[in-house]
Amino acid sequence: MDSNTPTPGALRKAADLGRPAGGWRLHLYQVVYESDTPAGRAFDKLIIAAILVSVAVVVADSVPALSQRYRTAFAIAEWIFTVLFTLEYCARLVCVDRPVRYARSFFGVVDLLSVLPTYLAFVFPNVHALLNVRILRLLRIFRIFKLTDYVVEYQLLAEALAASRRKILVFLSVVLMVVLILGTLLYVVEGPEHGFKDIPTSVYWAITTITTVGFGDITPRTDIGRFIASVMMLLGWGTLAVPTGIVTAELAARRLAEGPPPSPRTCAACGAGGHAANARFCAMCGTVLPPSS
Amino acid sequence: MDSNTPTPGALRKAADLGRPAGGWRLHLYQVVYESDTPAGRAFDKLIIAAILVSVAVVVADSVPALSQRYRTAFAIAEWIFTVLFTLEYCARLVCVDRPVRYARSFFGVVDLLSVLPTYLAFVFPNVHALLNVRILRLLRIFRIFKLTDYVVEYQLLAEALAASRRKILVFLSVVLMVVLILGTLLYVVEGPEHGFKDIPTSVYWAITTITTVGFGDITPRTDIGRFIASVMMLLGWGTLAVPTGIVTAELAARRLAEGPPPSPRTCAACGAGGHAANARFCAMCGTVLPPSS
Amino acid sequence: MDSNTPTPGALRKAADLGRPAGGWRLHLYQVVYESDTPAGRAFDKLIIAAILVSVAVVVADSVPALSQRYRTAFAIAEWIFTVLFTLEYCARLVCVDRPVRYARSFFGVVDLLSVLPTYLAFVFPNVHALLNVRILRLLRIFRIFKLTDYVVEYQLLAEALAASRRKILVFLSVVLMVVLILGTLLYVVEGPEHGFKDIPTSVYWAITTITTVGFGDITPRTDIGRFIASVMMLLGWGTLAVPTGIVTAELAARRLAEGPPPSPRTCAACGAGGHAANARFCAMCGTVLPPSS
Amino acid sequence: MDSNTPTPGALRKAADLGRPAGGWRLHLYQVVYESDTPAGRAFDKLIIAAILVSVAVVVADSVPALSQRYRTAFAIAEWIFTVLFTLEYCARLVCVDRPVRYARSFFGVVDLLSVLPTYLAFVFPNVHALLNVRILRLLRIFRIFKLTDYVVEYQLLAEALAASRRKILVFLSVVLMVVLILGTLLYVVEGPEHGFKDIPTSVYWAITTITTVGFGDITPRTDIGRFIASVMMLLGWGTLAVPTGIVTAELAARRLAEGPPPSPRTCAACGAGGHAANARFCAMCGTVLPPSS
């Protein structure tokens, strides 16, 4: 394919941010935003590696033993990554026709949040917690995710969740009501002396229980409290079936639309398999199929 | 639509509680019970807001720090909500032809329980726990729920659960038997010295375990007890599949009756849809399909 | 129906235990084993009530406070139930043609275990734990379960589980291997000083973790142990899908064979609904159906 | 079947490792690698028994009380198993045409790891932990598993998981990102004084929570931490549906391709099956159906 012809995905992005018409900015655009050229793919790999290593540094830096031992190495690595990501951010800004739209987009904000904490922590050394914001760099992986071979699976899951969105919302609102009422009930029954110190804490416990997490930091001590908790657990167990059922029904409807797994029926003309049980013609080349067994 | 023509939902309600034939009571009825007029929709929004804020006050009032600081503000807010809900209750009573039927209905009782605790706590200041009954105001949201755009999802979930009711009942009764027998077994094996102080407590532990909540406030200490607990956990894990399977099968049957997710591609010759994304020919009649988007 | 004509279920039982041909033994048989006569149904209800109350007495008797207070009442109730169940056991023995086959059957043994502990505890007063065997009386409810309206749901669940039996067995054997290997790994990594005192205990912990119960009585303390535990939890979470998927797929296949939930298409001749989307004739009266929308 | 004719499975293995053409090596090959002859089946059973007993010895040897009591018996048993497995390993090596390929294969390495620890522990008596590697003998059961009647169920599960592999990978990578970001958030909010001592520990806690295991060894103490944890639990509960949905949709597609559970009733006129239990007419051609059993 001519590398100057934008792919459908690139076209959509171009429509969003303004793909330049030519010149060095188009070349930079193809490297930074697209992954159809060797340089673009190499850039994606470099950025993914940099993100993963820099996140590993953030994580390792939080461990006191490692932090003290490799203080200088971590600081140097951090500045290298910050400079790299800053350059990338600038490149993304200059090579699009609508830089403000990019800066305001979700990934534009995430890109800025990836570099800002390091500069801010240099200016205000006391606000050390800021540095942990750098973990949001992880979100940048999603951008590259969209360009990989896994995009079909990613979209399928996203679509199934989106199609179930309203059902899950209704379900969660009912669960929230149940949890508020039962949490208050346990607050009245058990009271602050057994750890249920106020309604928010009791609701936290009720969520812990109904989702079957069960930390055990707060537990009912009275017989009546334990009875109510038992009913809640069985209730939570039963209703656990509902979100699963919603998502599964949606995924199953999509999966069944694809047809059954490869069956012994293959097209004699083109060799394609995976025909639906009631298909009479090959969906790949139009030849008549042998009858289903 | 002529606002005087009752909607099907309104008709059902009218049949229940007696929709007045006309006059100011019909206008009040349309505002309070229906949501087809601008005034009715505004009333619904006001009531939902009042319920949510008043529940937030009840929750915040249970936190000692907040309760002491905003004592007066909470008391004033509470009386405003109580007066508002009392007026609403009276309005609901006077604008229907069968007020007694309303007062005895589920929502009539909930509406009364929403205001009564405040008056009772004024008369009997010692019974402070009464005030927590106000949390039941949350249930009133369900009434408005029935009138919103989400009613389809709400009914779908309710119908799927109702259709699975008998299967879930049989399942729960078997689980209760298993839990009683295994709880008693652990009571005999572990005994009061390891926290299994009587059969009800052991059954509470067994429910904790089989639902995979696992608080950890009571745990087996002997080897034989741990062996039985291990079998129980694997059993619970396996049977967890059953309620999920029941609800999912029901939801999937309904979802599949709706057909596959909307695909823009249908065969121009025979009209068949549901083609796989990579199909090039109609599997039903062999005609060339339009290309996938 | 002529009460002397055995029902299909009664016929199967008759084939098992020998339904008497006539006389007072047939009448007794109809009362004790069948539920087609008013006396048989009354007997079933009496036995269910006796089982539930006697189990409640066993449970209450284990609570020290209740046990001391109602010692005499519990003892009297227990003897009444024991006599009643003994009489029932004798009745079941005398009214069948093959009493030995009954005595050796599953329910025959359970019936004996329901009464034996009380007599044994009278002879050997020291073996108090014996009395808890009486909880097995609960199993007797299953016999009556088989004769109720819920038998269809009960059989559907039992059949779906039976059809998935081999898949679940293969799955459980793989889980057992994983749990043995990972439990041993944690035993080596964490060691007895962190609670992983031997391989059986570590395997108990691994089952606790992979089933997502998570008591928290034993938890990894080292970083490497926590890392392995994290992998285990994600693994357990992922594989939790497998038994659910097995049972759901089986239940869905059965549910879909029943057809979709009632659709707007009803038969113009007999009014029956619930026709499959591709049905062309009413399955109840054979009339041509209107085409599917 | 002529025992000299290799079965399809044997042919595949022969292609892998080189099935000898004849002589005593072919006879040994049939015993050791195949299970079509009585000697081959007896050998498989012997090896399974030896594996299970030797694993039981490894497990029992880790319990201090048993280890001290049966020290000599365990040592003797261990040497018998080691000699047996060594002989088996040599037999597997000599009877194939490509012994190096066998030695490098997965099962070749597992077979070596089954015997090596005992010899190494004899040479280096201090490295006692080595002996626990023997638990890997369990993996050898999978080889025989492939030759049993359960191979169909085993393959079905393996294929459904393999077909869902990419979807589950995408799902797990999203979960890992969520867990890293939320773990860091809790680390900032709660801090080392509440047990969240560094980001790896916080991520371990986040995995514990989102998978609903909930050990309770680390729990949030602040109100804001508990609020975030509550959102995480509901999130985890909701997303638990996703892997279940993926696997279930795949299994259901395979299960449905098999058709509904065997129903004895088929239409005598058009042959259609899958009639509802209460159908009296064929829904495809309108013919009267035979009565349900």
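Read from first to last, the chains carry the letters A, B, C and D; within each, the first residue is number 1.
Going forward, a contact is a pair of C-beta atoms (placed from the backbone, for glycine too) under 8 Å apart; a residue touches a chain by one contact, two chains touch by 3 or more.
Treat the numbers as computed from the prediction; the structure is a model and nothing was measured.
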{"item": "Self-contact between copies chain C and chain D, residue sets same or different by half", "value": "different"}
{"item": "Equivalent interface to A-B, taken from B-D, A-C or A-D so that over half of the residue contact pairs match", "value": "A-D"}
{"item": "Chain separated most widely from chain D, comparing mean CA positions", "value": "B"}
{"item": "Interchain centroid distance [CA atoms averaged], chain A/chain C, Å", "value": "41"}
{"item": "Whole-Å gap between the CA centroids of chain B and chain C", "value": "29"}
{"item": "Interface hub residues of chain C, defined as touching at least two other chains", "value": "200, 203, 212-216, 240, 244-246, 248, 250, 252, 254, 256, 258-259"}
{"item": "Of all residues in chain D, those that touch chain A in their complex", "value": "159, 163, 166-167, 169-171, 177, 180-181, 184, 187-188, 197-200, 203, 209, 212-216, 219, 223, 226-227, 229-230, 233-234, 236-238, 240-242, 244-246, 248-250, 252-254, 256-257"}
{"item": "Residues of chain C defined as touching chain B within the complex", "value": "55, 58-59, 62-64, 129, 132, 135-136, 138-139, 141-142, 145, 150, 153-154, 156-157, 160-161, 168, 172, 175, 200-201, 203-204, 207-208, 211-217, 240, 243-248, 250-252, 254-256, 258-261, 263, 277"}
{"item": "Chain C contact footprint on chain A (complex, rising order)", "value": "212-216, 244, 248, 252"}
